[in-house]
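Labels for the chains are A, B, C and D, by order of writing; each one numbers its residues from 1.
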């Protein structure tokens, strides 16, 4: 059977969703234990060996067909249940190299050795442990209510979202060949708004972001003989100055665009003129066209300034940390939004665009399918309300990437699991 | 006979010069009348009809072979006197479009119609009338003492020095074919130092100067829609900023170079983005190599900045008011300097480089001969000494191009005539 | 009686509006004649003597209490009709100094002498004649249906909108003391979209705009002696470059802001360093806060750059052509929008923000009351549809300020009158 | 007896000098051994313990009154010989942290621990070992010919010239109170021109140089939220750009000045806006007035740009590595030059200004006495001549601070000793 769009109007999700969600109460203790275990044992990107193992083992236990080590540590489980839509839900698994300061009794004490061999404290400061626990919870619910729905559910556990390489690694690792092509792909993120609330919006939701390293070349000389040099510090400074005119003059005044030169480095000593300088740029936008305009303008400006300086060597441009634009499909989002409002009532809302970035969309892009990405609240609602009343939300509520970031377990897990279980097939084509 | 270089060492100019100069006292009244007449009747560049006629008539009266209307109003007289060196002396004839404020009883009251048809007060504010009077005086002395010297004396009266086109006009008008090739070419300028003194220096004396008009193109738009434009005001501003690095970084720190953007003009209204902007540059140096470096750097910077802006049309470069470097020949200058010191004693000095510019050197350049250019004082020595004692020279002594510029007639004419008559042949090759 | 908000839901404007509008057909010939007469006789800002007289005479004929010569040529008529809301509707009267090229048989042939005494062709190229004809039509309809409504209708005819001084002139002329304080103020503008359509939006609709003239001071010198100068061309260029960082760095990336340097002018000749330079800036935003940020940043940048240059004299800032932000009241706009949709159905739409600017809001601001500003179409719908199909709207449809701008008379007048007559009291508080 | 200035005219140094120099041949083997020992054992600045000990021991052996550990490792010896002038000669002792690549059999193999505890190869790559060996040689000659001269000879061995702190350290250490005030102070440097030649010039010889670290402050933010930041990278870039106009516009075109930004560093990551940036400047000039102009302009520009950026914290300026201008006294230099020409004939020349810098002049400045600094050649004359013929001097002759820098021992030592011994008293007042 397929849930239908009428759910939106009648104010409930229909018998299917109700049936699937009926198992939620019984699994709460299991899910909370799972979450605390994950939180205690965070792992850095591409090193999520333990987390991946937990996910794979659980999926197998639920009866999923499981594939492991996709890309590096990626896991995907497939649960086939007759004719019907195929829906893919993704959770990211990686943590951050930070020392946890939450004071929780299940706080991380892990110190993992990073790629460079140095010891690094690790923490789930971005809530990916919530994502994993919710997706495993939803997988358990679907597996426990096979009579209530039809189709195929794909649970995907991605490494290394924080460094923007995990989604691409799974694509390069062949995930699109391992699982059936979904009708829609879904993902969610826990954010610093009240737990129990859910927010989505159609169209651009998370900005696309690129980091770009630009190396420009001069000709070195002693500091007392500038006439023998092509001064790369002057060249780099002119580029920084010139780049300000890109956003100011080349982007329409009501179009979102950011072009930040986060780092400039040229020369090593006051009296030596160096032979190169490096700029590191951050580029953000909510449309591919704006991104293209920015990239073209940067290259044009850099090459023009190199020509103006008489630079003896072509500049080099290296894009790294590419986060694609997260641009929710309008139709699928409308269905998700309707289901949110049906299930959560006033706790469902249209969320603002977020300046953060994600690599999730590389996966649906590789499949060629629509996707929806949304936010779930993680902050204690009473704490949030008090902060809001005091006007101190921005200063007292720990946000993602804070060492104090600590989502309340409930109703965060319950809501985050419900949205998956209830929406997974609602989000499919024709009301799936 | 030829004066010899020994004159320099023995401390006098020898019998030849003494004999030539012996006629000076007798012609003083004539020469002062001539000067006052020229001062009363100034003419703008290429319009020196009356002045040229005065010069030509006088030369003919002295027995010179005379050519007129060379270029526009140029005059040249040749006095052949047997075997010996050929020496060319040039005086410039043109005045400036200024209202005279000297209060002299022989002040200009001329109002000439300029090329655009507007009435313009005209004034000999740069002392070219002194130059003409001195050269005619010298011509008269040479003509009156044919027994005392041998060789050929060429007296050249040039139009339009102030606008940098008179020398080239005479060259284009064929002056090099009308007169014998000189062994050396000479010219002098009255300056704001004490009358009776003379100063010369070897090598670069007056800077080379060019004016350049640069037009850069953008794309126009309404001021509220910069994204549709290529903003030429931003482009022009970047060029101005960028050009500062040319002198600061590309010219050796002990090399003289000036690059001034004297004029910038872009746009007509606050809320319209224009489609072009204009820069007017002034470029000065004491060497051809520095000039070439500056010109190449300007073109490179402008083209680079146009590329950086995405300018839709190639920039345009127009050089106007080109003044060549005045670079005194070392050997000829040594002879002139020695003769100065022999004749003037302590009133002869090594003058500093001047930031002014001249087109005289186009003439010797066309002939392919060495040249010497020097300065003669025009300020009342007592007035100058008082100002020097008071530390007010720069504020109280009217300089060239001031509406109060008024050289004292004597000893300015006497000295300015003596240097020509006495030095003309001394400056030739092998002590001529 | 008061029209009620139910009109919005039931899909019609109710009996009151229907009754008022019932007189529309009968007055069409009169209104078109009035419009053609106004179009033939355009007058520049503050010189709308004939137009004001036409309006005042008509209002008196309809039974309004009339005040004239407010500010310069402002007219206001008051029609009192018992208890009920007070609604003010404004039309602007002035034309533009342009030669009309529409080819209409009622085209302007006026040549008015402007303030400087020069002859100037004048044209209603911005459609203010449409505004006047619609407001007089609405006044006639209200006056002819006194039984159908209750309250007070204020018809205000403003001079000099194009030069941003007419609204302020009427405020300074005491308009707020002459007429009762309205509950809401309304205004409309004919735009280049299909005639018969109407568009409105809540919140910022037209940008606030300011022009600012900045004069910065240097110290003059000859172009060859930069060390004696403070170069104002370099200073002005640095300011232009620096200002690019204001929009790029100081305005949030999703906030609308424009800062254009439309004009730069410094120096007169290549070889003279001038003693000042002038910049003319255009500043646009959709919020007072953004405007304040821009103005503060400009002053900070200019003063900082003057300090960096060692400028010998304080910079000067002169704001001219100040257009306030046009920021529609949310509640009043909701009522207007509902009435639009009730009356016009699919021809009512939510219009995009416009980059144009207006001074109308100075009037409600002086009264301290909410306001709504909207657009009505003026282009022949068939011509527009064809251009849209061909993708040539932007190139073939004459927009405001074009010498070809020629709104089709109908249905432009009919719609523009209906919106006023039908909405005037609907826009008041509590569904007025 | 006092040598007299006639020496200059008669073409020889007189009996005194001849007598002093007569001991030179006999001590050659000792001096070469001394030099090789010093070369083998280089020491970094303020760590010249062994070198200082060698010098002190030798001086004591020659009969000098010796003071040690002045500043850090400074040594001074005084040889009193009756009435007559007092002449101070300085040699610097420190080496550089470089690995020697000369291949000499007496090459350094020292690895000294530097201040930070790291091991560092050390090399006499600037020839200070030559200076020490020559000064000790001269001391030996003076001591061995006490009958030939009268007065007081002061031999000063200075630490830490390379880091510009040794001369000041000796002054702070009280050297001016330990030794009699000299009539003149002398110093020399071996340079990459042919050994056996000596060059001096009056007036500015070595440029004054300062290094300055400028720290400017912004306000940090995430790279996606520039509006919350004051961007220090933009600020630093504007300063670099702005500083170009200092040399281009504020220094007279014929005045030597260098302002290099050798290092710029701001930010650590592309997507983080940092809160500060650092610039390291190098400033060079040949006059105190130009230096003052540059320093004042830098401070003015930095403060102005910080104001333009709205920087939240005052910038910081730190001058380090201050090298004073080396400005030879005219009278003393004339005497030295005459003595050079008398003794060396065609091997004495007027040397060009050098862009290098020295701290020697702090010592005569502390005494308040005139000084002369000159250069002696160190390159094998045949090698140099061949390179000159091939046009490869700048590419094939190792210069100071090259790991291949290896002065030929002779005639470098002989000449460098002769100039001291012969000139020491010639350089004194009244032909001393």
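By our rule, a contact is a pair of C-beta atoms (placed from the backbone, for glycine too) under 8 Å apart; a residue touches a chain by one contact, two chains touch by 3 or more.
Because the structure is a prediction, the values reported are computed rather than measured.
Judged by contacting C-beta pairs, the busier of the interfaces A-D and B-D is A-D. Each chain gets a centre from the mean of its Cα atoms; the one farthest from the centre of subunit D is C. One inter-chain figure worth recording: subunit B and subunit D are separated by 45 Å, centre to centre, where each centre is the mean of the chain's CA atoms. The distance from the centre of subunit C to the centre of subunit D, each centre being the mean of the chain's C-alpha atoms, comes to 73 Å. If each chain is reduced to the centroid of its CA atoms, subunit A and subunit D end up 60 Å from each other. Each of the following residues of subunit C touches two or more other chains: 224-226, 231, 234, 238, 241, 244-245, 248-249, 253, 258, 284. Remark: subunit D residues 224-227, 229, 231, 234, 238, 241-242, 245, 248-253, 255, 297, 300-301, 303-310 touch subunit C in the complex.
Residues 207, 209, 211-213, 222-226, 231, 233-234, 236-241, 244, 258, 260-274, 277, 280-282, 284, 321, 355 of subunit A are the ones touching subunit D in the complex. Taken in their complex, subunit A has these residues touching subunit C: 241, 243-249, 253-254, 256-259, 284, 353.
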